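Take a look at this one; I'll ask things after.
Chain lettering (A, B, C, D, E and F) follows the sequence in which the chains are written, and residue indices restart at 1 in each chain.
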Amino acid sequence: MLNLKIFAGSSNIDLAENICAHLNIKLSKLNINTFSNGNISVEILENVREKDVFFIQSFSEPVNRNIVELFVAMDALRSASAKRITAVIPYFSYSRSDKKDAPRISIAGRLMADLIKEAGANRVLTMDLHSDSVHGFFSMPVDHLTAIPIIGEHVRKNMDLSSAVAVATDAGGAKRVGRFVNFLNIPMAIIDKRRINDVKVEQGLVVGEVKGLDAIIFDDEISTGGTLLATAKTLRDAGVRKMIAAVTHPVLCGAALHNIKRSEIAQVIVTNTVSIHEENRIKRLKVLSVAPLFAEAVKRINSGESIGALFR
Amino acid sequence: MLNLKIFAGSSNIDLAENICAHLNIKLSKLNINTFSNGNISVEILENVREKDVFFIQSFSEPVNRNIVELFVAMDALRSASAKRITAVIPYFSYSRSDKKDAPRISIAGRLMADLIKEAGANRVLTMDLHSDSVHGFFSMPVDHLTAIPIIGEHVRKNMDLSSAVAVATDAGGAKRVGRFVNFLNIPMAIIDKRRINDVKVEQGLVVGEVKGLDAIIFDDEISTGGTLLATAKTLRDAGVRKMIAAVTHPVLCGAALHNIKRSEIAQVIVTNTVSIHEENRIKRLKVLSVAPLFAEAVKRINSGESIGALFR
Amino acid sequence: MLNLKIFAGSSNIDLAENICAHLNIKLSKLNINTFSNGNISVEILENVREKDVFFIQSFSEPVNRNIVELFVAMDALRSASAKRITAVIPYFSYSRSDKKDAPRISIAGRLMADLIKEAGANRVLTMDLHSDSVHGFFSMPVDHLTAIPIIGEHVRKNMDLSSAVAVATDAGGAKRVGRFVNFLNIPMAIIDKRRINDVKVEQGLVVGEVKGLDAIIFDDEISTGGTLLATAKTLRDAGVRKMIAAVTHPVLCGAALHNIKRSEIAQVIVTNTVSIHEENRIKRLKVLSVAPLFAEAVKRINSGESIGALFR
Amino acid sequence: MLNLKIFAGSSNIDLAENICAHLNIKLSKLNINTFSNGNISVEILENVREKDVFFIQSFSEPVNRNIVELFVAMDALRSASAKRITAVIPYFSYSRSDKKDAPRISIAGRLMADLIKEAGANRVLTMDLHSDSVHGFFSMPVDHLTAIPIIGEHVRKNMDLSSAVAVATDAGGAKRVGRFVNFLNIPMAIIDKRRINDVKVEQGLVVGEVKGLDAIIFDDEISTGGTLLATAKTLRDAGVRKMIAAVTHPVLCGAALHNIKRSEIAQVIVTNTVSIHEENRIKRLKVLSVAPLFAEAVKRINSGESIGALFR
Amino acid sequence: MLNLKIFAGSSNIDLAENICAHLNIKLSKLNINTFSNGNISVEILENVREKDVFFIQSFSEPVNRNIVELFVAMDALRSASAKRITAVIPYFSYSRSDKKDAPRISIAGRLMADLIKEAGANRVLTMDLHSDSVHGFFSMPVDHLTAIPIIGEHVRKNMDLSSAVAVATDAGGAKRVGRFVNFLNIPMAIIDKRRINDVKVEQGLVVGEVKGLDAIIFDDEISTGGTLLATAKTLRDAGVRKMIAAVTHPVLCGAALHNIKRSEIAQVIVTNTVSIHEENRIKRLKVLSVAPLFAEAVKRINSGESIGALFR
Amino acid sequence: MLNLKIFAGSSNIDLAENICAHLNIKLSKLNINTFSNGNISVEILENVREKDVFFIQSFSEPVNRNIVELFVAMDALRSASAKRITAVIPYFSYSRSDKKDAPRISIAGRLMADLIKEAGANRVLTMDLHSDSVHGFFSMPVDHLTAIPIIGEHVRKNMDLSSAVAVATDAGGAKRVGRFVNFLNIPMAIIDKRRINDVKVEQGLVVGEVKGLDAIIFDDEISTGGTLLATAKTLRDAGVRKMIAAVTHPVLCGAALHNIKRSEIAQVIVTNTVSIHEENRIKRLKVLSVAPLFAEAVKRINSGESIGALFR
């Protein structure tokens, strides 16, 4: 691996070290300081001149601090004459802000893509953006990995799929679930969210057959678990037999754990794109590692091999 | 309307004149020449210094010639010192190229957004982009209109909705249909496209209840009508009672007319974002005008009124 | 005031309302939400098309969240077609990061200036940057106000200046103090910080006459108060009679209050560029308002009057 | 040839294969599709990461489609992480649009130069631009080849130059002919086009001696052949003995063939920068290949050798 | 004239005051200082916020100092919040550097166009660029005036044109002379410069009829007068009767005066785009004022009237 | 040294050759011409494709001509396909223009940084900028060397430091002197410049102990020597014993030599960042060479070694 150096921000050092372990290299050293006035300073402790640098940072909580940390780090790397800087963003939270569904808001996913470039990134490596179009928000090369094969393989090995159905939590998720069911060759259903009347209560209608089937609720991220809980209830009322959930990004904040525990969801399969607090590592949560996939992608980017091959 | 000037490219002069009529102004004059070597030249025939200029061009066939015509026109307007140039693109064909679903392709929707800006546009006014995220491809203000209220109102007045269901032609269309059924307060279904086996044949599964119902196939554009025809067959097999289709952009090329005629679709509702050839104006095609909506949007952009209000 | 609209971020709403009060207008409305995954969303609740918009945000704690909030707000304003967006940043914390005093760090003051522009600002209005050169980090017009006249006038009215001396806390502050003593026509001194030996202990040498004089320690910001405390000790050892401190930005974090209380500094004069927590509003802290100055600057920027005149 | 890959658009595959043959490499593979709505899609079928890519596309008819095809291809190559992309444009039609000879038109040569860059090109390799200054329209390195030595050598070998004169078809062509006559060491003449009176009829005056001489009409491109025909008539009236024509770019559209045939021009010497339809390959047309020159230029650009040497 | 302010650099204050006189306004005030280390400082002495500013500077000697002065002035104006800055460059010397006629040189005309924009200009107003294509070097609106009508009218009134011929000093000037003879309706000729042999001596051949005619040598600029002198000799040898010269820009450096005096050129007609030193104001030099034309252009740019009309 | 090529502008060829000598390579060849109209042309005489090029130019008199020469040279190098262009600017005169100390002036240091980039530089290598923050004016990597160790070592070897004090010529220089005294471990003092009253006379007050000590007046540049002379007088009045001066950049213009000679400053230590005219090479001027340091920096930039190490 020619001139390769990997650095990590504060958000997910475990994953970074895991990726390095798969590549048989050491995570490079830096100091991240916070001054008393709150300013972040990043000091790169190794020479990076003419090096091919990867900086790993997930947009997990504290999201905005982690983003600014990434900006400052990339600027430090650029002014230290790194040859190429790849922002590795396993979880890009702002990909959820991908459209203008109210007047006078920011499509912040695009904004962040622009700021990441302005701060110094030459390319981006990321996973399971909220929608595929977010790829097009970046004006630099993006390698967009997916956890579908990792999650799919796990499900295939651990579950009887003969009476399984994958369920999208809303119409916007249908496309994502479409790819998942193509991988597993099982049927799909979606939850059609509606307001009952003007008093704003939302009701979930199940579109598609789920009665008597084993449902796999499939989504890109789980934060408070509220959506999952609501979906589980709707599915229960519609007569599903068993339920598990599979989501890529375990944001797991607020009442997430509580919601999972009180739900009828037997298991929640996630990946390690977001670092999971010790207290959240409950038995019902199954964590699959994306480190091998990221390591392989880093290796191929560095050596100029095709990454498309990773998806076949 | 202060300093307002509206010009039109070759693609849809009818719509342009219609918009002008609603605004009670004349379409401004220009000459579009094609030199013998194929070069396009656009000569603006009215003074546009310090004017608020709107240039109307749909990306209909010949798509790429119309796009280059737009580029040349905008550059001519810019170098002629127009104060502000709004590219009015009722039909933005490349919004369909909004993701990277194969290795080493262009997300051409983003590319076109960048080229439109480079050529001189200061803002864009468009309608029913293939996905909402395409809005975020533009690095300038975009006003994104929708024909859903126009089509929805028409459907409401002309159809008994008590046993209606709106159908998306694939999982990617679920979101779009989601907004449509919210407007009409009717249930939805989607076609889940699958390959039966390795021999690549596609099969459409209906997700959701359609049996005995009247289906409204809802999509953003109709080109050859192939998708529509396939969807109609799948729905017929699934036992729908009656079928109509509603799409915003009537691209209508190749065997479109033939396909519509031999289908069991009673009516195809479209708008005039794309100019419809005389020979395509058959009885089964119902064309609704978007000119009043575009005229209102132009007026508000020009005068600085809120456009968000148009959507409520 | 033509088409003027003022919005405020979360950091210093008091100051924003104060500025509006001086201008006799209402603070405009917006919603700032934090989604469960930590993403910020800013929804502008008033039409801003063709308006001259000022957005007020201090880079106080949580600094990095406030910065991202500013970015998102400016992008929302830009895409909502504001005519001009002025980022009003009473306290620009990253101006302290104005040089490369270690290898491989970011000059984050410049980085933030670039990101603020990329996010949508057309101009900046700020106060007492750490060094004058930070002005040059911005590639857009900046109006750089100073609190020296406000603080100077207050000192002149409340203190016998016949035996006063102004003191810079280090060599880098000499220039700033130079302007302050020119305003008050009093002598100056500086603290020359040195390491005694390799064991890294810092020692402050007083350069200039301070014995028997009343010292005004003058600085741009106070965070933990550590520098102030150390300076006070050094001055005490050097035989000053009385001491007060005057700083523009009251960051006041960590042990600040405690440090002030246990010091021999009779009074700390600050301004309201940073919002001061209720518990920090102790008697020894004198807060001067910069709202009239900012209001006047906003008025002149809006109407195209000279701001240079404000400094004479 | 290190990491070299050559791709070709639809416009001139013959030339591309010819260039590859001279370099002893294979033309790389891609798929160019046109969707039913007219959108172009380019799929690069070989890994191009860290490769030095050349994309060959002439701006021949359909000019604007070919240009958009080039844009989409370059964007695909860029997002596929090509190391460097050279747009090889043997015939750059828009170089004729190099000045503002009417109010409110676009200098489209400059516009295209900007769009080519925006679409992803890092450098350009082209031949015989309409005027030398068009080189300066590009904001990236351009290698500007000329066919003068190729055409000149051919003329020298096949024609008695003792009584030859080279003729520019208008005053704007004098500079170009100046270089040609310097190469062959023969005298020159120009056609001075004038309107006889207000009724717009153009008359060509011959400036310089042509009586009894053998004329070589020299131009950069031939499209309908109208200019050539008019020039031939003027020269005939002025008493020339024999006439041939030499032009770099054989656009050959409309009545070109007919015009050539009915003219007294004994031979039209062209190059293969533009692909010539089978039916246009008449005996009076002599096609010289520029492939060896382009191949040599590609080789030198790839290896970092001087290209200036090619012109001596 | 709304919010109009005109400033002038050091190069041609006479012309600037003349333009102002025609507009009935005062030239605005600034200080241009040169520090002892050679740095230029420009201090704008009037408020320019929201003003429409024109800065007049010819690229006459000291050319490069004047250019840097223009850069510094425009940056000062921009940071002082001028609404729009028009660089008025009556003589743009670097337009002569418009092609790459040797390997590894700069097309400095394009470079200067880019730097002028980077320094803050929003538009350019200039006259008689060396070639029309230089217009396309600028990526902002340019109004390109010509002195041909001014010079042409003067010639028409003061000379018997019945036996006149206009002569280009080389093939590159043929296009320019072509426009001049169209205006006056007289014949043209060109000097075809050649090397006699390898020993590099240049010989001028006359292309076209000049014998017994009165020649008007027409060029864009006269610097040392060397080209003029050589042309005069060639024309004399070819048997012309009388000679005058007409050039737009009187650079007049080195032996210019001497060369004019010892030539057989009866009169040299120039304009005042370049300031003429007192000692150069000899009788044989006729200076025509372009101030009225520039004044009219400024007025129209400011008020948004068409400038194209100026050329008819 | 891989693919390294060093070129020099007109300003300081001695230093350039010196640097080359330390690197054991030849200074590469170019032609710098000035046309009769004052235009500069730079012709690179060696192939630079894919080369790592360094261009050495100090901003010494004629400053603005040298700057434009640098612009033209960099553009020539860029268009000649140099791989990387480092502008080596030993003396960057405009770093003195680093703040806005009067209304409506340019922070020309920032402007020049932007223009240098626009003209083609990829990175900058410079020395002792007027203030550290000027580093942040550049939007590309900068290696900012300092002569403090070179000057400091010389002073340490040639002077008894037991009773030495370093003196800043004004408050703004305190920071610079602070680093110098840290290097030598001696005390510091500063001159506090004041106006006595409204009649604008400046008076220098000494802040800090100097009586009976040997003063080293330390500054970044000496132009006319006026500041030095004034400082020497103030120090004399304050009772210093002996005086020397140490400045990095010997601009030495106007009465510089005369001022030095008539002062009581025993020696003026400078470096060769600026070329010193033969007549200025007086005995009292001690010139230290920075060539070894620049050579080492060039070597490390070229090979990708850390430069930070140079400062320890």
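The criterion applied here is as follows: a contact is a pair of C-beta atoms (placed from the backbone, for glycine too) under 8 Å apart; a residue touches a chain by one contact, two chains touch by 3 or more.
All values derive from a computational prediction rather than experimental measurement.
Any chain touching chain A that also touches chain B appears here: C, D.
With respect to chain D, maximal separation of chain centres occurs for C (centres as means of Cα atoms).
For the pair chain E and chain F, the distance between C-alpha centroids works out to 38 Å.
Note: centroid distance chain B to chain F, computed from Cα atoms, is 62 Å.
Centres computed as Cα averages put chain B at a distance of 51 Å from chain C. Across the assembly, chain D contributes 79-80, 100, 103-104, 107, 114, 306-308 as residues in contact with two or more other chains. Shown are all chain pairs that touch, namely A-B, A-C, A-D, A-F, B-C, B-D, B-E, C-E, C-F, D-E, D-F, E-F. On the chain E side of its complex with chain F, the touching residues are 35-45, 48, 59-65, 67-69, 71-73, 75-77, 79-80, 93-94, 96-97, 100, 102-108, 111, 114-115, 118-119, 221, 223-224, 226, 251, 253-254.
On the side of chain C, the complex with chain B involves touching residues 47, 49-51, 78-81. Across the complex, chain C is touched by residues 123, 141-142, 300-301, 304-308 of chain B. If you check the complex, the residues on chain B that touch chain A are 98-101, 103-104, 107, 109-110, 114, 131-137, 139, 144, 168, 170-172, 174-175, 177-178, 181-182, 185, 187-190, 192, 194, 205, 207-209, 306-308, 311.
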